[in-house]
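Per-chain numbering from 1; labels A, B and C assigned in written order.
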Amino acid sequence: MSTIAERIAAAGTGNAIDLRGVSRYFGALAALIDVTLSVRPGERRAVLGSNGAGKTTLLNCVTGDFPPTSGTVRFFGEDVTTLPPHERIRRGLRRTYQISLLFQRLSVRDNIYLACRGVSRGRFSFLRSRASDAIMQSVSDLLTLVHLDSVADRLVGELAHGQQRQLEIALALAGAPRFILFDEPAAGLSPSERGDLVAILTALPAHIGYIIIEHDMDVALRVVESVTMMHDGRIFKEGAPHEIEADPEVQQLYLGGGHA
Amino acid sequence: MATAFGDDGAVHGAGRSDAVVRWIERHPIGALIIAIAVIFVLWLVFAPWPEGFEDWFGKKRIFINALFNGITLGALYFLVATGFTLIFGLMRNVNLAHGSLYLFGGYMGYEATQWTGSWLFSYVIAFICCAIVGMAMQFFIFRRMEGEDLRQTLVTLGLSIIFSDLMVWVWGGNPIQIDTPDYLAGPVPTPIVVAVRSSGEAVFLHYPTVRLVIFLAAVVIGIAMWIALHRTRIGMMIRAGVDDRDMLSVLGYRVQLLFIIVFAFGAGLAGMAGIVGGTFQSISLGEDSHFLLASLVVVIVGGMGSIPGAALGALIIGLSEQIGVVYFQNYATVLSFLIMVIVLALRPQGLLGRR
Amino acid sequence: MAITQATDAPIGMDEAQRNAAAWLSNYSAILLLGLVLLFLPAIANNFFLDQIVGWALILGMIALSLMFLAGYGGMVSLAQMTVAGIAGYMIAVFGASSLPAISLFWPWWVAVPIAILIAGAFGTLAGALSARTEGIYTIMITLALASAFFYLALQNWPIFNGFNGFTTIPAPHFLGVNWRSPVPFYYLVLFFAVLSYFVVLYVSRAPFGLALQGVRDNPRRMEAIGYNVTAHRIAAYAFAALIAAIGGILLVWQNNQISPFSVGVDVVINLLVIAVVGGLSHPIGPFIGAIIYVILRTFALDALVAVGLDGRRFQTLIGLGFLVIVLFSPDGVIGIWRHWSSRIRARGARSGF
């Protein structure tokens, strides 16, 4: 059993995410077909495409929520295709959810605490944490980072939608993330809350890479350096944001048709 | 809408038999073992036993009787458990008062035979009485707590406590036997040889007519239900609701009507089963929890929300209880629970259940 | 966002103060209750001490193990009374009873750990069997397991002595004290009941308990932030089984006997009734439920007869009371108390203006 530090060292210069020939079928329906995708450590990538293009399925295959039907998934060089979700989390992979999957009957602070505890030792501890210990410290740091100090002791069920989205990001930042998958983080946010979201994303430490799935091109293209376009379960274009915006095929398929 | 459901039903039916073929292809050894076991049991039933065989299995008459009793008991369990599994599958309501409905049906059937003298008519009475109670439960109580499965279950628990106490009040604690009608009384000869006399003359099994008739009735009811679920519009709505609960929201206000129909039907079947139980054995205080538990185990083994699962589970549990009584006296009832534990460990969703 | 924060802050402080005040009033109530329980032997007779408060504390402990699983873990396990019953049976098998053919007559300090271990193993196994299924299935599976044990005990003579069970199971004598005499036994029960209450309260805010509440609220998300949900559930069953097993041992010492009917389906269901009536949201609930149940059980028969009703309709009374609670106060007596106290507080605040 190697420690996380050893695994990071062993991963060396490989890609953060490496998908090779990943397909996912639901019965006869193909949600992902032979997807091959590499993302470098620290890289920020948007995955765009119309509804049903396979974006969320791609995320679920990376996190292990659904295993792929075929193909391999590597995370920092390690083959994680058959690992359960919680093992991948411990290796530094994080995700946020489109629909709210928070712990509604716990306080904001407890939600973040659980996320921090989930990637450290002592998940089964029967001893309470002291206010001074490292985890409690990182909980209050995260509360500040996502601007939720003032509601730290409220139950999550009582929070406004925008605040729940911010908490969602805080959960993904808990522990020592190396790579985060954001699933439509701007959905349902007001314009000012979107501004906040862009500020939070661009302020992330440089070593944390991410993939962001987003319908809102304005948000997505402001926070990434590369874009992958998907259509009908396949990747059909990769490039820098300005190339994608200028590409006639993309404009026809996505910006013209699906974006309305 | 009807045609859409009809097409879906046809595709679905084909999918089922395909699934059986695929299962056989994927588990050739398992399929072979099951086939050999079936052939062996058939041989045990129909062939005269060779010398020395009775040292292991005891007298053939006892084995065959246990087998027949197990299958007919399975038919009774099926009648009780189908209602339970349908109510659970569609409404996620663990109806802990299901045993009380069984017992209530038995008592009402007893009263009906006392008054009218007709055994067959008593089934109608028991069905109607229990269906009304079931409808009332769904309409007055569960309708108000939709989606709260724990609260619904706790309500059924409270109702079962009250029902069983009230039934003790009315009918007392002594067992009541429902008389078999004259035209079904007594045994009927079957073409199964259980022994050979020294004169070379074969002795055929004689088995109670009423049990065979009830077994056939249960099979007919099971097939009728299968057809109703696959070929009628309401049946398809029920099936779609069991498979995909989100589908129910599409139905809007009619979903309550569907729930009331299913609750009434499930409760009515349990009531009819009460008469069967009263004729086979007897009905008394405590039988309500016995049949509630039987339903639980049958449904856990067979698969929750599945009618074929209830049939398979009922057969397995009925057989294991009767075979257990004959061959493992000290652990008879534990045997069926042991089967349940093994199924839970290997296949938590039950033999024919879906994830 | 900045503006929201500025307006939020004073409200937050106000709430903190109110919480502190509420906590203080709760604390004084608990202190008062603690003093009453501590000095109860000085004012109460032995019947009240042993058959009312003592019995309620033991039942409360076993119901507490159910509350821990149901309230914090969302797993309504009906196997907890069975865990207690197995511990009781094992005390009779490994310790002393009136049946020398079965009982091994080992000293209590050997029999007790073995009993807890075996009962704990059963509780954990029940958890392992039901932890992979979600929500309401748990009730079905654990009820079936509980009745499986009832039938095993009923039909098995070599270990469980079948229908008759065991009688004359003595509580230990040590430190020169007969722990079954009313006052020492009361303090023994009080010690373990209070201990288990505070341990559960403490664990509910420890990482293990918080994670369990996370599993209750959203198992899928717990997987996604690094927890092994199944392992956590099974561990919760193991912990709850420990409490139930201690309660079961105390119960068998109190009753001096155990039989299949100590773990019958009605007993198993009554335990759920106790926990639900008390309330599943706080560890005090099961104890409230237990004292109500014990008082009803002891006096309702006479009370029913006194008002001209049939005393045998006790179960209907229990069922109706349970139904009323489930229909009108899903959080049991705790819910009623919270509702009233918040109304009184609101009225107090209004008159204060």
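Annotations
Methods note: a contact is a pair of C-beta atoms (placed from the backbone, for glycine too) under 8 Å apart; a residue touches a chain by one contact, two chains touch by 3 or more.
Quick caveat: nothing in here was measured; it's all calculated off a predicted structure.
With chains reduced to the mean position of their C-alpha atoms, the one farthest from chain C is A. With centres computed from CA atoms alone, C is the chain lying nearest the middle of all the protein shown. Chain geometry summary: the mean Cα position of chain A and that of chain B are 49 Å apart. A separation of 42 Å divides the Cα centre of chain A from that of chain C. Chain B and chain C have CA centres that are 35 Å apart. Of all residues in chain B, none touches 2 or more other chains.
On chain A, the positions that touch chain C within their shared complex are 63, 65, 84-86, 89-90, 95, 97, 101-106, 110, 113-115, 117-119, 122-129, 147, 149-151, 153, 171, 174-175, 192-193, 196. Across the interface of their complex, chain C is touched by residues 92, 94, 141, 149-151, 153-155, 157-162, 164-166, 169, 289, 293, 296-297, 299-300, 304, 329-334, 337-338, 340-341, 344-345, 348-349 of chain B.
Across the interface of their complex, chain B is touched by residues 76, 129-130, 132-133, 135-137, 139-141, 143-145, 147-148, 151-152, 155-158, 265-266, 269, 272-273, 276, 310, 312-316, 318-320, 322-323, 326-327, 330 of chain C. On the chain C side of its complex with chain A, the touching residues are 1, 4-5, 8-9, 12, 15-16, 202-203, 205-208, 210-211, 213-214, 216-218, 220-228, 232, 235.
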